[in-house]
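You will see subunit A twice below: alongside subunit B first, and alongside subunit C after that.
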Partner chain A sequence: MSNITPLKTEAEQALIAQGATVASDRKEAFARFLEHGLPHRRVEAYHYTDLRALLKSAPPPAKAGGKITTTSPLADIDAHVLTVVDGRYDASLSGALPKGASVSASSALADDGSNEKGLLSADPVIALNAAFSDSVLDITIAAKAEIEKPILIRLVTTGAHASYPRVRLNVGDHAKAFIVESHEGAAAGSLIDSVLELRMGDHVTFDHLRLNLVDHAATVLTTFGGAMGKESLYRGHNFVVGGSLSRHQIFFRFEGEQSKAEISSACLLNAKQHADTTLVVDHAVPECQSREFFAHVLDHESTGVFQGKIIVRPGAQQTDGKMMSRAIVLEDGATMNNKPELEIFADDVACGHGATVGALDEDLLFYLRARGLPKAEAEALMLQAFVGEALEKIEHDAIRDTLEAHTEQWLKARSA
Partner chain B sequence: MVAVKETVEQVKQLDVDQYKYGFTTDLEVDKAPKGLNEDIVRFISAKKGEPQWMLDWRLDAFRRWKTMDEPQWARVHYPKIDFNDSYYYAAPKKNAAPKTLDDVDPAILDTYKKLGIPLREQELLAGVQTSKVAVDAVFDSVSVVTTFKEELKKAGVIFCSISEAIKDHPELVKKYLGSVVPVTDNYYATLNCAVFTDGSFVYIPEGTRCPMELSTYFRINEKNTGQFERTLIIAEKGSYVSYLEGCTAPQRDENQLHAAVVELVALDDAEIKYSTVQNWYPGDAEGKGGIYNFVTKRGDCRGANSKISWTQVETGSAITWKYPSCILRGDNSRGEFYSIAVSNGYQQVDSGTKMIHLGKNTTSRIISKGISAGKSQNTYRGQVSAHRKATNARNFTNCDSLLIGETCGAHTVPYLESKNASAVFEHEATTSKISEDQLFYCRQRGLSAEEATALIVNGFVKDVLQQLPMEFAVEAQKLISISLEGSVG
Partner chain C sequence: MLEIRNLHVAIEDGSKKILNGLNLTIRDGEVAAIMGPNGSGKSTLSYVIAGKDDYEVLDGEILLDGKNLLEMEPDERAAAGVFLAFQYPLEIPGVATMTFLKAALNAQRKGRGEDELTTPDFMRRVKAGAEKLGIPQDMLKRGLNVGFSGGEKKRMEILQMALLEPSIGILDETDSGLDIDALKIVSEGVNALRSAKRSFLVITHYQRLLNYIVPDTVHVMSKGQIVRTGGKELALELEANGYADYVTNAAA
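Right after this comes the complex of A and B.
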């Protein structure tokens, strides 16, 4: 750390001015943000995503009464829809949940990551959410409940302001559900800082899809904290296309033995987009299995960041953890930064990680072109297969098809 | 999989309790006053009889160092170092500047004999094939002797202590010193610039293949002293040199600081092979004492088609903070890093490499094996980056770690940064990549799957060890039978 005190950036100054208005019970969380200000490259966790440099401005928190003008990218999917407008739950735009699931909204004080036993980790972005979030959406899936249709949580930002959504999910023992966290809307200059906390009991089967399809000029900072009990299965998927600057943090912890987590992600970036995924998988107990698969396609001058860390705590024997990150850099202006990390304190484990960065395979491309496909089409086909590897892990046919269609559209726009 | 018994026993032999080089040599020494300030820097420079430009360089570094903070990012923990609580210069008093080996204090010669370092220029025995090794012996703050100087001179090779080089070859030192590791590179490198006392200087002229292995043996002997050595190796166009260094220190309760800087420059078509067997005192079984080893090593492949290869076997030091790196500036240049790091007791290792691809068609290869036992923590930290113009850069990284026991830790922190579409980086940290064909072949010949795996992996570790020249490789050879069965990323 340098001992020179740096000046506050414009965005920091704006946030400090907005901080004067936070409710008294949120002052503490805001103080935690102020302690370090916006993280910069000298902060290891933000080494590749220097918010002090990248976040140019901080718009004011959204006022109530924003109007949704867009339709959900998953509008055609048969799902139970819950709508959160600018961070606040809107019951009038939400349907009823089936038996076994319930929803409520409150203005309760949220975790700011300072509680070590919580699901989150001390982090300025989480502290900001805790300080500015004035509505917490609580969703409960009762024990043994099996929710057939996906629950689609639309998190819509309606204009060039800041929204701070907060969702808490509690899943009882033996329950089964599929939740879609869909970030939508926004505009140039919008700031989204959302936090989703998920607690799962034992013998749970849980699918979670996070969609980032917001405006290409918005800033999206999202955090997901998850913990699960024994003999459970968690499948998490991420699909990132939107946002000029986006960072998704995942903190996942195994709290019961013989559980399994699969986390995958597909990220398609172009122009000057910057997308960061920071993942921490914490094997706190023995005999759990984790699989992570991340795919990045980087065009133009975009930047992809993947920081993944597997922690195996002392005593967490028989842990099986594998992490893979693959990136295709399509143009010289694009950048990929990979940091797959292992932190291991137990000797009887099988952990590994792999990371590759490169261009499309010339031989394959030649093969396809020799069969008469124009270059653009051949490339699109290969990229589709590449992204498909991440998408195929989604266990819901209609949703997977929709995302594949999105990918195709992206590729079409590219070749056009 | 859990580590096999044989491996566990091998590592046990390397345990901190078994440290064989912990003896001290009683000598009268000439010391600088305790502490660190500008006067000490002037004192060192005066002791060395350095020209004004060198003193100015040191003072500039010292002033910059005072404005810097200690780096905190490495995964090592230690109480704050009081830089004013040690001696920055200690030299054996007798025969301050020995002309020949006979002038050197017999006690020092004895020390090297005990350590098994050949300081006598032995003639080749008839019928016995032994290759020659030229040695520069650095004892605390000074180089006591450099062997085979004359013979090397005939080939045009300059091999001497850096102090001599500053006097005799100022033009080379001025041109290259600080050109690979800038004065303000990092906290410890800057400190080294201010207070370095000795080290080796190597210059290989154009088109020359150095006729013998060059080596430097570093020994810390005095209590409460730090060792700050500086090594500079320059390989002119089309030349080749293989250099190795070894290091040991006595067993003491206190922590001693060792902050070295090594700079390598390889010009067009030149190749430098740099090997290290690091065996500083690691502290006792309770974690008391030991050397703090904060080292900056960097090679600059400045010319086209040049190559720099680092090989290291790290078994010593209480704390290791070391990242031998390659800057691949010249087109078609190549960097290699082979490392085996064994930690035991309360040792903490944070080591790895950096491969910075700047030129076209540059390639690099990283093979790192970390073995941790006892209550030690062993971290691999490596960076591979491709600059925008590094067309066709290639990297392959493989780092495996092995844990022995439940109280140690093994960590991997790779950084892969690519800014070029044609660059291909592959990083893997797993043992599952053993070729199925090889396995099948071994199994057909009656080996069990585990035996076959052990055989293949052992063969691979040997490959790394064989990168070391035979001389000095005794310590390394002990590791040969270590299998990396049960490795985790």
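Right after this comes the complex of A and C.
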């Protein structure tokens, strides 16, 4: 027996001090976080993203009344806008939702990852969100409702504090909707720990775009838990450019047969940015199809992490799952870590994964340069095409154009 | 005028020498053909002129209108008037042919200190050029060279050359992969570009191309050197006799 208590990091000490003030109904969630503290490299799921080492400090939770000073990158898109300021829904900055959609905010207790029937997973980042989140945004799309315009949820962090947004979406049978989850704002030293839960019924068509466009010096920890019923279609897109340290967790579960999920991601990193995506797609029932496509562009000394796991449960026959990760490393100092995994417990399945990491093709670059394109322009053209492969999966033209323009700007800044 | 003097080239790691003191001058308006056995260094010569950095130039110089090409980046060479029609044009998925053509044209105009083309002006030029070469419009909407047949890729190279108006066009086996009709169309395309200011270096294995694109001079290349120079009748002689004479002689 040892009575040595493990040394707490500065960030952990700060969180513990803050935890003393959480409401009594959240003590249990906080205790779940405390059990293990911040995850480190010996915790398998965090092997490449050692939060103990990477999270230098933990700012206090935001007080009410933060002022938004930035405009949404999607401001020109015709959408129903809902605004969450520092983790709290702000009705005064939100529009009404159309017929068939409704929204409400409460201080309800949210799943800390311990609910076995829930959409999440035991995880310290989720437990931390449950402990500190004091505003849950519930959005319901009624059965059969078809919401034409995208619903844009702006999740804005207004300063160097912590925000803990929690969004829960319920989508009824035969409904159709498009949600944009846009993480914006923040500053050096901000900590964002956000959780979105999505429950979809049967025969649903649902599009979900997540944007990480926060300050390049912020920490962004986001979790998405999703489950869908039968004969449904989920299309999820991720566009990541922000945050000095970011981790996005996806827990996706098929609960009804003959459904399809497509998850794609474009991640543009530079300087010393570190971005992790950890994905678990759970084929719990037969005859579902999943497609995952992740594209990373890594400049300077940035680090990309892709951990993707496809689980095929016993009996989930005729599962068709394919996962692909492609990364372009532009400088010697940049790193990509790929960890694809298949856990298959059924025998009649078609599953596969692939991962490529490499520099831009020299021969192609020469071809373009021989046609008069300067190096930076030739590279930008190739990178735009590379990222385009992920972006082209976004069905909404105006939003896809906006993200393509954003990519172009990113590439321009690179050669400037 | 393109002047190549005493050019010695090895592959980048120095493990193999490919060009061994090559000399070649192509005057303004001249069409020079190079023929020679497989592996004699023809494509290497074209890449070195265009600026591919897989090769190390050990000695010699390449001057275009008196400008030292070896000191320039590939894109600067293109702006200076070098165009290489590749033996194997590359496929670039995700880059639409039109986007590419526009970027290339405007980059080069910029390099030459000219204004960018307006979109209608650009479209007009591309349409006209494509029509002449029998390139259907829907091909221009696809990814650059992606899924194009061998012959289609070669036509696309000539379209690019026509749009970029180089002062020296290097055609590396442009005839390979072309059917009989396409060979005529492409040759007409090249002939239409012939002018007193523009010269061509035509690399080919087959005399037939030279019936359509009639050269002013024919050079035989062997083991990284020009071992014989003559007029267009030299091509006929090679067609009849092969390279046996040169392959053995040149080693000395």
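Everything that follows uses one rule, which is that the second predicted complex is superposed on the first by the 410 of 416 C-alpha atoms of A that agree within 3 Å, B and C clash if a C-alpha of one lies under 4 Å from a C-alpha of the other, contacts with A are read in each partner's own complex, and residues count from 1 in each chain.
Simple rule for what comes next: contacts are C-beta pairs under 8 Å (C-beta built on N, C-alpha and C of every residue); 3 or more make two chains touch, one makes a residue touch a chain.
Everything numeric here is computed off the predicted structure, so don't read it as measured data.
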After the match on subunit A, would you call subunit B and subunit C a fit or a clash? fit
With both complexes overlaid on chain A, does A:I77 touch subunit B (first), subunit C (second), both or neither? neither
Looking at A:G315 after the superposition, I want to know if it touches subunit B, subunit C, both of them or none. Which is it: first, second, both, neither? first
Which partner chains sit in contact with A:A187 here, subunit B, subunit C, both or neither? Use first/second/both/neither. neither
Check the residue A:L93 against both partner chains and state whether it touches subunit B (first), subunit C (second), both, or neither. neither
Contact-wise, after the overlay, does A:R371 reach subunit B, subunit C, both or neither (first, second, both, neither)? second
By the touch definition at the top of the document, which applies to A:G354: first (subunit B), second (subunit C), both, or neither? first
Which superposed partner A:L109 touches (first subunit B, second subunit C, both, neither): neither
Which partner chains sit in contact with A:F386 here, subunit B, subunit C, both or neither? Use first/second/both/neither. second
Tell me which touches more residues of subunit A here: subunit C or subunit B. B
Should A:D332 be classified as contacting the first partner (subunit B), the second (subunit C), both, or neither? first
Between subunit B and subunit C, what minimal C-alpha to C-alpha distance in angstrom results from the superposition? 12
Which subunit A residues lie in the overlap of the subunit B contact set and the subunit C contact set? none
Please output the residues of subunit A touching subunit B within their complex, sorted ascending. 1-3, 44, 314-315, 322, 327, 329-359
Could you please specify the touching residues of subunit C with respect to subunit A in the complex? 50-54, 73-75, 77-79, 82-84, 86, 89-90, 92-95, 99-100, 103-105, 107-108, 111, 143, 160, 164
Can you list the residues on subunit B that touch subunit A in the complex? 1-3, 67, 69, 72-73, 388, 401, 403-430, 432, 486, 488-489
Given the complex with subunit C, which residues does subunit A contribute to the contact? 362-364, 366-375, 377-378, 381-382, 384-386, 388-389
